[in-house]
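As structure tokens, the structure follows; a few thoughts come after it.
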Amino acid sequence: MRYGFLGPETTFTHQALLQALEVMPREFTDTVEQVPFAAVATATTDLLAGEIDALIAPIENSVEGGVSGTLDVLAATDSITIVAEQIVQVTFVLAARAETALDDLRVVSSHPHAQAQVQGWLRENVPGANVATASSTAAAARDLASMSSEEAHGRAAVCSPLAAAHFGLTVLAEQIEDNSGAQTRFVLVTREGRIPARTGADKTTLVVQLPHNRSGALLETLEMFSSNGVNLSRIESRPIGDFLGRYSFSIDAEGHIEDRRVAASLRALHRICPVVHFLGSYPRIDGQAPEPREEFADATYDQAHAWIEKLTAMVTPASEVEGAGTGSPAAVDARPEPDA
Amino acid sequence: MRYGFLGPETTFTHQALLQALEVMPREFTDTVEQVPFAAVATATTDLLAGEIDALIAPIENSVEGGVSGTLDVLAATDSITIVAEQIVQVTFVLAARAETALDDLRVVSSHPHAQAQVQGWLRENVPGANVATASSTAAAARDLASMSSEEAHGRAAVCSPLAAAHFGLTVLAEQIEDNSGAQTRFVLVTREGRIPARTGADKTTLVVQLPHNRSGALLETLEMFSSNGVNLSRIESRPIGDFLGRYSFSIDAEGHIEDRRVAASLRALHRICPVVHFLGSYPRIDGQAPEPREEFADATYDQAHAWIEKLTAMVTPASEVEGAGTGSPAAVDARPEPDA
Amino acid sequence: MRYGFLGPETTFTHQALLQALEVMPREFTDTVEQVPFAAVATATTDLLAGEIDALIAPIENSVEGGVSGTLDVLAATDSITIVAEQIVQVTFVLAARAETALDDLRVVSSHPHAQAQVQGWLRENVPGANVATASSTAAAARDLASMSSEEAHGRAAVCSPLAAAHFGLTVLAEQIEDNSGAQTRFVLVTREGRIPARTGADKTTLVVQLPHNRSGALLETLEMFSSNGVNLSRIESRPIGDFLGRYSFSIDAEGHIEDRRVAASLRALHRICPVVHFLGSYPRIDGQAPEPREEFADATYDQAHAWIEKLTAMVTPASEVEGAGTGSPAAVDARPEPDA
Amino acid sequence: MRYGFLGPETTFTHQALLQALEVMPREFTDTVEQVPFAAVATATTDLLAGEIDALIAPIENSVEGGVSGTLDVLAATDSITIVAEQIVQVTFVLAARAETALDDLRVVSSHPHAQAQVQGWLRENVPGANVATASSTAAAARDLASMSSEEAHGRAAVCSPLAAAHFGLTVLAEQIEDNSGAQTRFVLVTREGRIPARTGADKTTLVVQLPHNRSGALLETLEMFSSNGVNLSRIESRPIGDFLGRYSFSIDAEGHIEDRRVAASLRALHRICPVVHFLGSYPRIDGQAPEPREEFADATYDQAHAWIEKLTAMVTPASEVEGAGTGSPAAVDARPEPDA
């Protein structure tokens, strides 16, 4: 199995892939090859071409919002399915070659983006060190790892815990980001053809395009979920690209397509929206199972369905009513006219 | 075929029955027996016992509103189906034994209820005549018909056009009611077992009991129709009888149970309402076919259904995902734990 | 103060009036005159003419439903206001002139309507007695009271507890109705001009006529209450009278017109409904105070109102923007054109 | 007046500023200074500090979607108001120092981003030229303008029409972008304190944060607009930043805060949403005036308001009902108890 990820190695996406592999059934992880990519679009092309079997990509960050690159590729690609999600805590460590007192650090290197997120901590805890720029947090760690011991003395890198571990560095301080709690959510994507079985704690991802000839279309769309007791855990607007003010919506709904309430919502969307793109039903990483009210339980839908089946079976075919059973057209002709 | 009606003969309900018979297929009208009843409840008992094959009863009057007696019997009875409706124009004629100038009339007889509805016309057009009371408009007509010519001279009856015709009277003036336009709607009811075929211009009658533990239940119920593009042509509250403020609703929805949008509405009601009593789908007497928007057309529902079927077929059975394909339980046991 | 009621004396409506008088402030009860009427319409005419100061009428029965006579008069009358409600338990007693063993009773008299409601009890408890018909339950009681002791021996009446007490009879058995729990709700109506102050546990009664050119009008109307957190405790359809299928709705909403959420609902109804007839805000007899969520509290509405006031005050009058402050038309003329 | 814009000069934001100045009243354009900024955040700081009087920033692009940088600054800043919008057509020209046949071009320079958008056109129309990279489209134009005639011979730049005009270049071809029709919308922002007067064709911009303790909160929010007949021309989700799945919504509603229907919507939002940030009511650049149905017209709201005022004036103060008018506590004490 070949798994693509947004590289280089030890990125947060890489970490998401490792997390995903840990919880997969053994058959999917026996002979794993991890393939770094520079962009989701490229990885998707390779996925569709069969070069890789799956890819993992960030979809949402708690600070930055939806990841447009991933959302737009998912929305535009027809034959792929999300089969799992992962959440990675965005956190940084200060790592050196060996245990070092913070006061002894002279240079701390990192990528500017990471520097911005830890600058408060550095100012307070390592005020004497210079901040050097690396091309990535992974590169900062790798470079430090490849130095001679003398050269590395007094130096540290700001990087992900994964990078520190991967390059054999010693962690001097953890969780040094100024605002803790940032998270990124990732999705594992395969070629279409298989939807993971319902676990009871699932999520369904869709992209819907609203009918643009009616105001209130978003309201109407949301009502379809609401009237079937389906909560949305994410809704994001993305421009369709043709006119200002034309959006598609990327939606995560709670539940699995095998849940009757989810299937009913999707059927309703399919009726009213010009485009409904089903991107997958897959287990929630947090394992939280919704507890639908009785009116939204599978059995309730099934009973309603059976009731209508029973009633519909009682409908007399038109031919019988018209007297066709006699085989005689005359029977029909002889019917008195309303005004006769 | 034995047809029950609220008697006596020549009532407006009788007229509704005659109208209904005129438009029925010949097979239902070959050997008709018309059976008058004093009450809907009695007729219903006879219908269920097989004494009669159908009954016709008033359900709604444009001035008086829902006919409680009929509504409550329909709501409470399980094995009956409405198969047709009729509308009768509530109108009165002034009828005599022979052509007579209005000025020559000395006595006009009728039932007090009818008198009330024509008193303005009588005051203006027959100011010199005395008004005599009969036990019914039918009786007024019948009595006049059975008099000798001499006795009948100078006399007229206020009755239905049907009564005048039935008793061979001469109509001196038509539509003499002070407020024209009053109508009564009737339903033709049979034992359950057969629903008339869809004509495209149909009506479906229901009695629903709302969930009483939730405010906004009526709103929620109406939304189920609205989100499926189904209009209601009648909605009437009736007390359930146990507590003040507990109601059931008698509803006429536009469309037939074979219309996908109607079936979808009913399924939704069945989920949220403790009681949904289906009373029939039958042709509208006015023949007005609704023109549902494309999103509510049968084909649209069918396509949505097929789409979900296709997706659901892609769901992998849980057994396969768990590695059951290897036939080895060990495969599952060997799966790494998330925290391993 | 002259109070009208549906007579004769000792009817359930009379009892409702007595209950109402008991809880009124003293100023309204010092010199009370109780005036029986045969019909709500007549009493209403007298109320408007100043012949009486208030009237009490049944509006709803837990078994029979809305009292059409009262509902239609209230809907059609402009200058009246409901100022209180009463609920009367519909219950019957068996009363005699003196303590008597049930086995010694030979004749039990009552009105046929009441007989129907107690027939099971009589069959079981007084199987040996004949049932005699009186013109009303009140008459049954009064007649028994006016007999000689000898004549009254072995006789009893089925009547209201009030009638038994009023005519000095001895109650042999209470609550003898076969189905207990039936209730009738009454409203106390005055000429318009004064709405009782808010108590916190109030009810507002309306009659609304729906816009007939739009399907979904009832849904839309109910949403106005729902979006302001106002529950409805009663909703009843009544025909408007012009066409089949045209209804007005008689509604009891929880809350007082001084509650911001009720006022907001009513303003919205006033916008969308061709007719909204306000019939009164008055204390609930059951004293149950609704507990609106914070978003529906008065303070929340007031803060929202103040916020918009503040914003609106920041709008620049058009004149200032146009440079009119300079008094120089040239200033405007000199403005460059968009395409210049 | 000092106006900030996202620089450098001749950017599309600069063009938006020039467009905005063209349609402003003379008083705001007499002594204009145009100040380029590198980021919206910096410009906003200067605006609040009084260093500039207004700033213009892109808010939405028809291809890329919402401009996160601008949306997040607007959402987070309290004392600013949008007073106008502009739309700029995103289009490129091929410009040279003098009229030149396309076949004679040897070098075409531009910024890589612009190159990507015109590469198809270049391949087809200038297949023989090399593509050189400039630091911006403005720089490509400026560099070409500063060359000697000999040096400039055979060279062209891909830049905005504004840049070509600004640097005195000759336009060889217009609208050379491969996908035409892309637009960017800009907003003109001032310090709070003044809202432009209603023109009848206005837009109101908000940022709302949904109540996070209730599912269906977005649905509920949209219903507040819908029930007041207010259409939304833009709705965009932005993460709040604390947790995954927590969003605020940036909304453009049709209408002005002085429109009663808009004010009513905003009041309702203020009640149910923990945060409603009003960013301005301002004229729509397209001049399209909505035509609200009668039920959403100002007069309809005013009449409803007046009706409730009239009714509320009829409410009797509690003190009067309690008989306080007599000044005698005894009057109250003497009131009969309900059970007396």
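Which chain is which? They are A, B, C and D, in the order written, and residues in each are numbered from 1.
Here, a contact is a pair of C-beta atoms (placed from the backbone, for glycine too) under 8 Å apart; a residue touches a chain by one contact, two chains touch by 3 or more.
Here's who's who by UniProt: A, B, C, D = Prephenate dehydratase.
Just so it is clear, the model here is predicted, and its values are computed rather than measured.
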| item | value |
| --- | --- |
| Where chain A (Prephenate dehydratase) and chain B (Prephenate dehydratase) overlap in contact partners, by chain label | none |
| Of all other chains, the one whose Cα centre sits farthest from chain B (Prephenate dehydratase) | D |
| Where chain A (Prephenate dehydratase) and chain C (Prephenate dehydratase) are represented by their mean Cα positions, the distance between them in whole Å | 56 |
| Chain centre separation in whole Å, for chain D (Prephenate dehydratase) relative to chain C (Prephenate dehydratase) (CA means) | 52 |
| Length of the line joining the C-alpha centres of chain A (Prephenate dehydratase) and chain D (Prephenate dehydratase), rounded to whole Å | 30 |
| Of all residues in chain D (Prephenate dehydratase), the ones touching two or more other chains | 223 |
| Each pair of chains that touches, named by its two labels | A-B, A-D, B-C, C-D |
| Residues of chain C (Prephenate dehydratase) defined as touching chain D (Prephenate dehydratase) within the complex | 22-23, 25-27, 29, 81, 192-198, 220, 223-224, 227, 257-258, 263, 266-268, 270-272, 278, 281, 295-296, 300-301, 303-305, 307-308, 311-312, 314-318, 320-323, 326, 331-332, 334-336, 338, 340 |
| Residues of chain C (Prephenate dehydratase) touching chain B (Prephenate dehydratase) in the complex | 60-66, 68, 87, 181, 183, 185, 215-216, 218-219, 222-223, 226, 231-239, 241-247 |
